[in-house]
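Listed after this line are the structures, all set down as C-alpha cells.
Two complexes follow with chain A in common, the first pairing it with chain B and the second with chain C.
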Partner chain A sequence: MGRSTGKIYLSLAPSVAAIMILFCGPLLAIVAASFTRRAPNGGLDWSEFSVEGYVRLFAEPDLFGVLVPNYTFLSAFTRSLSLSLITTAICLLIAVPVAIYMSQSSHRIRNLLLLLITIPFWANLLARNYAWILILRSDGILDGIIRSVVPEAPQTGLLYTQYAVLIGLIYSFLPFMVLPIYASAERFDWRLADAALDLGASRRRVFVTVILPLLLPGIIAGSILVFIPSMGSYITPRLLGGGRDFLLGNLIAQQFGSARNWAFGASIAIALMASILLALALVNRLSQNKSEREVKVA
Partner chain B sequence: MSVSTNKWRRITGAQWLTLVFFLFLYGPLIALIGLSFNENRSATIWTGFSFDWYGRLLANDDLLAAARNSLIVALSAASLATLISLLAAVVIARNRFPGRKAVDGLFSMPLLVPDIVFAIGALLFVLTIGLSPGLLALVMAHTAFCIPFANLPIRARLQGFDWALLDASADLYASRGRTMIRVLMPLMMPGILAGFLLAFIVSLDDFIVSFFVSGPGSITVPVYVFGLIRLGVTPEVNAIASAIVMISVVMTVLFFFVNSRSSRKGDPR
Partner chain C sequence: MTIRAVGGSLSLDHQLNDDVVNRSVGLRGLSVQLALRGVCKTYGPPASGVRALVDVDLDIQNGEFFSLLGPSGCGKTSLLRILAGLENQTAGTISIADRVIDDVPPFKRPVNTVFQSYALFPHFTVRKNIAYGLVSKKISGSDLNNRVNEMLALVQLTDLSERYPGQLSGGQQQRVAIARALAPEPDVLLLDECLSALDRQLRKEMQSELKRIQRSTGVTFVFVTHDQEEAMALSDRMAVLSEGRVVQVGTPIDIYNAPANRFIAGFIGDMNFIRCEALGSRRVSVAGQVLDVEHKFEPGASVVLAVRPECLTVDFDGSSSDRMSAAGMAGTIQDIAFTGNVLALSIELSDGQHLRAELRSRDVAGKSIMPAHAVRVGVEVSDISIYPAAAGV
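Our next item is the complex of A and B:
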C-alpha cells in the first residue's frame, strides 16, 4: 500500500479517459447538437448558436413565421410519463409478493427461480416483443385460445393499441423490478415481522410498517430500473403500438430518421434526460426524508 | 394467539401469483420457439413439426453477414469493457482517495441514460469526430454501454478481497507484475469471465444503438431482424427470433454457472 494519491489517479486515468470519451463524448454531442439549427439539407448547421430545437418543444412558426403552440412533444411526453408510471406501478404490485415468496423458499428453489427470472431478463428485447405480436395480433395465439373456449368470440384486436404497449413494457422490464426487491427481501430478518406480530400488530400493519420499509431500497432501485427504460422505450411502442401512440423514444428516432430535424431530436433527448434526473432527485429526496423520520422515531 | 415463530410466512395467494408470473414470463418465449418449428407458411397456425425454417437461416447470406458483424462487435466491445472496468475496479477497491465515489459512480452512469438517448448521442459523436457509421463506431458505442455490466461481477468479486495476499506475494520477493499475473489475476478470473459474458450478452442483444451507428455493410443481427419484422410476421422471423432467444438462454445459463462458482469460491484460502 502507501501509494500516493497522484499515483492512484494516474493508474485510473486510462479507464476514466475511456469512459469520458466513449460515454460522455456522445452525451456532450447531444447537448451541442441541441443548440444548433437544422441545416437546409436536413443535417446540422454547426455555425450558429440557436435555441430553435428547444422552442420547438412547445411551439413552431406557422406559414407567416408566427409562433403557434405545438403539442407533438408535450403529448408524447405525457403519454410516455403516464405509461411509464403505470408500468412501474404494475411491476411493483407483481414484484413485491413474488420477491417475498422467492426469498422465503428453500435455498435450492430460490436459486432455480433466480435463474428462471434471469433467462428472459437477458433474452433479446426485440425477439421478446416480437413474440407478443404473435400472441396479440388478430387471429393470433390469444384469439386462438379464447376461441377454443368460446367459439363465437370476437377478435380481441389488442395489437397496435396502448394496452399492447403497456403489456409489452411490463413484460420487457418486470425482471428489473423483481431482482432488486428480491435482493432486499433475501437480507430481511423475518424474526422482525414475527416480533411485530407477537407484539399484537395485525398482519397488514406488519406488512406496511415493518416489511415494506425494509424492502424500500430494493423497491426504489427496481422502480428506477423500470421507469428509465420505459421513458426511453422505442422497440415496444414501435412494434406493438399503433401509429398514434407515439412515445418519446419514437419521436426522437423520427427526428433522426424521416423528419431529419436533428436539433429538435437532440432537444427532446435533453428534455427526456432532464425529466429523468428530476425524477431521480425527487426519489432521492423522498427516501432521505423517510430515513430521517425513521431516525427520529428510533 | 401470536406466540408461534415464523408466523408472518406468506402473502395469501403469493404462490399462485408467482406461478402466474412465471407463466407470463415464459409463455411468449415458448409460443415463439414452438411456432418456429411449424411447417406451415402461416406464422401462427400449427400444422406440423419441421426444421425447415432453421435450414433456410443457414443459407441466408445477409443473416450470416449480420451474425459475423454481431460477433466481431460483441467480442471486441466485451473485451474492451472488461479491461476498462478491471483496471479501474482494482484501484478503486484497494485505495481510499478523494473523489473515489465519483469515479465509482462513473462506471454505472450508463445505466441512467435511456438507450435511445445514448444511441443518437453515439451517432452525433461519431459524425463529429469525422468517423462514419460502421464496425469501428459500433465497437466504440457498444464498449460504452457494456461497461456497467462488465463492472458488476468484477466489483462483486473484489468485495471482501484479501489484499494481504498481494502483500504476502511482495514479501516473498515477487515483482509487481508477477504478483498481478500469478496472484491477482487467478483470483479475479471468475469475476472477469462473468463480467465479460454479461457484457457480451448485452452487446449481442442491443438493437437501438446498433440501429443508429451501423453503416450499410455493418448491420448486426437485431438490426437485420428489425428490418424483417417491419415487413411482416413470417416463419423466417419466427426462426431467427427463436434462435436468438435460445442463444441468449445458453449464454445466461453459462453466466449463471460461472457466477455461482465465482461466489462459492469467494474465499481464496
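Our next item is the complex of A and C:
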C-alpha cells in the first residue's frame, strides 16, 4: 500500500511541479518585486528590502525628500471599485432573470441561449472593444439608429466616457454572471416555489424568501467572477474610456510601462489582490453569520 | 349489506358492519366541504390535446379522509394540483364550503398541500419551515411561536425544531411537511402520494400517524395514492380514477365488495377472473360446475366471473364433502405459499385457467396439502361478480 501511495505521488509530481512553477512562481516574483526599490534607470534594485512601493500608494517624497500625500492610487482605486460594483450590480440584474428563464426553457431554447451568451468568448477581446468603438463613437452605429427614429437627436457622445467603459465591461463579463447563476437555477427544485405559493406566499415573497436564497451560491460565484476582473480591467477602460479616468489596471500598466517603476506597479498589484482577498473573506464571513442567524431566529 | 373482509369471521363481520354504520351516520351530519362539478383538464390544444381529467364530479365531506385512487397517469395528481390552484382546470367548477374558488390564486386558497417530494425549504430550519405559511397569514410573535410548537408536538418533532431538512430522515421530513401544511389551519389538506418514498415499515407507521393526525385535527384530508391497500386502510371514502374519469366513489368496503366494473375489480384487492360460458340467462358453466347466478345475460355470451381469493373454498378430498358447493370446480394444486395466517394456493382448473385461493391457516391445519393434488374449488354465488368478457382474458 505504501508503495502504491508513493507511486501516486510520483505520478502527480509533474502536475504539482507545473502548478508550483507556473502559478506560484510569478506570484512570488511579484510579491518579491513589490518589496524592492526602483533602480535609477528603471527596472528593479534587488540589493535591499524596501517598502517604498507601498509607501507610494498613499504618499510620495517631494523635491526636498519630505513625504506628501499622493492620491493617484486612492482615486484610481475608488474609481475602479465603484465601476466594478456598478458593473457587478447591473450584470446581476440582467443575469438573474435570464438564468431563471433559461433554466425554465425547453432544451432547444436553452442551448440557443447558452450559445448566444458564450459567443462573446469566441471573439477576440480587442476586436470586441473596437466593435463597441464603432457602435458608440460620434455618428457611429448607435447615433445612426437613434437618428433614424428621431432625426433631430443630438449625438450621444458616449465613447470615451465612463458609461462606455461600463457598457464594455458589462458586455465582457455578463457571461461570467449568467453561467454560475444558471447552474444554480437549473438545480433549483421548482416544486419549492409551488410549495411556497401553496403556503400562501405572494409571488414576490416566494422570490425573495425561496428562489433568491437558493440561487445565492450562483450569485456569489458570479459576482466574484465579475467583480475581480472588473477591478483589474485594462483594455476596455483604455479603449472605450480613452484613458481619461485612470483605473487600477491602467495605473499598474503605466508603472510597468512608461513610468518604469516596477516596484510600485508590483505594490499596486499586491494591494489590489490583498483588498480583494479581504473582501472575499468578508463575504464568506457574512454568509456564514447569516446561516447561523437563521438557526437562532424563531 | 354483506361484509366479507379478508379472512372474515363472524365477529369481524359485525365489527366492520358497525364501523360502516358509524361512519355513514357520522358523515351524514356533516356538510359538503369540497365540491367539484364537471371538472375537465386538457393539456395541449382543446380539441386534440391530452385529456387528463374528464367531467369529474365529486362531493367531499367536511372532516372526511378522502382518497383519490388510481394507477399512474389516471389524472389524480393533476386533480390535486388543480385543487391547490397550481394548475387551472379547462372546464368545470370547484367550490370549498359553497364558495367558488376557480379564480382564486394558490396563495389565497384555504388549501395546503403535502407534496410527494415534501418540498421542504432546505435553507430553513424545521421551525421556520412550519412557520412559513403562518407568516403568510400575518401571524407573528407569541401566536406564531405557540402555533409552531403545537404543530411540532402534533407530529412529535419538538426536539428537532432547530434542524435543517437535510439533517432529517425521510419519515421525519414527512412529518415536517405535514406540520407545515397543517399549520395555517387549511380547510382542506391535500396529500400527494406522500408516503410512497418511505420504506414499507415506515409507511405503515406513517399511515396510522396520518390517521391519528386527521382525527385529532378534524381537517378534511384529500389523499392521492396509487396504492389501493393504503387507500383502503386510511380512507373514510375514496374515489377510484381511471383515464381521467371517476369510476366509483364509496367506502373502501363498498368498493371492495361491489366493484362497479372490471377495472376496479382487478385494481382493488386480489381478484380471480374466470372466463366462462353462459348456459342460460342466469346460468353459467365453468370447469365442470354449473352455477346459477343473480346476473342476467344473453345465453351463449362469453362472460367473466370475478371472485376474491378468500371467498373460495377448497375441498382437498373430493369424496368426503358436506357442503353444497362441494361439487365445485375441478382443479389441481400447482403451488402453495404459506405466509403465516394465510395459506395461498395456486390452482389450475381442468379447463386450463388459473385461480388463486386464500385459506386461513387454522382452517386447514392438519390437512395434507401437496402440489399436484386434485381438488374441488367451491364458490358461493353471492360472492361472484360477472362482467362482460374483454379481449385477452
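By our rule, the second predicted complex is superposed on the first by the 280 of 298 C-alpha atoms of A that agree within 3 Å, B and C clash if a C-alpha of one lies under 4 Å from a C-alpha of the other, contacts with A are read in each partner's own complex, and residues count from 1 in each chain.
Criterion: a contact is a pair of C-beta atoms (placed from the backbone, for glycine too) under 8 Å apart; a residue touches a chain by one contact, two chains touch by 3 or more.
Bear in mind the structure is a predicted one, so any value in this text is a computation, not a measurement.
Tell me which partner touches more residues of chain A in the superposed arrangement, chain B or chain C.
When the residues of chain A touched by each partner are counted, B comes out ahead.
Who does A:202 touch here: chain B (first), chain C (second), both, or neither?
So A:202 only meets chain C here.
So in the superposed three-chain picture, is A:253 touching just chain B, just chain C, both, or none of them (first/second/both/neither)?
A:253 contacts chain B only, not chain C.
Once the structures are superposed on A, label A:194 by its partner contacts, choosing first (chain B), second (chain C), both or neither.
both
Please indicate which partner A:214 is in contact with in the superposed arrangement: first for chain B, second for chain C, both, or neither.
The second partner, chain C, only.
Following superposition on chain A, which residues of chain A contact chain B and also contact chain C?
191, 194, 196-198, 200, 203
List the residues on chain A that touch chain B in their complex, please.
1, 3, 5, 8-9, 11-12, 14-16, 18-19, 22-23, 25-30, 32-33, 94, 97-98, 100-102, 104, 111, 113, 115-128, 130-135, 137, 139-141, 144, 171, 174-175, 178, 190-191, 193-194, 196-198, 200, 203, 206-207, 211, 225, 228-229, 231-235, 239, 248-249, 252-253, 256, 262, 265-266, 269, 272-273, 276, 280
Which positions of chain A touch chain C when the two form their complex?
Residue positions touching the partner: 189, 191-192, 194-203, 205, 209-210, 213-214, 291, 294-295, 297-298.
Would you mind writing out the residues of chain C in touch with chain A in their complex?
Contacts found on chain C: 84-86, 105-108, 111-113, 115, 117, 119-125, 127-128, 131-133, 136-137, 144-145, 148, 162, 180-181, 184.
For the complex, give me every residue of chain B touching chain A.
2-3, 5-11, 13-15, 17-18, 21-22, 24-29, 31-32, 35, 43-45, 80, 84-85, 87-88, 91-92, 94-95, 97-98, 103, 106-107, 109-118, 120-125, 128-129, 140-141, 143-145, 147, 163, 167, 201-202, 204-205, 207-208, 212, 222, 225-226, 229, 233, 237-238, 241-242, 244-245, 248-249, 251-253, 255-256, 260
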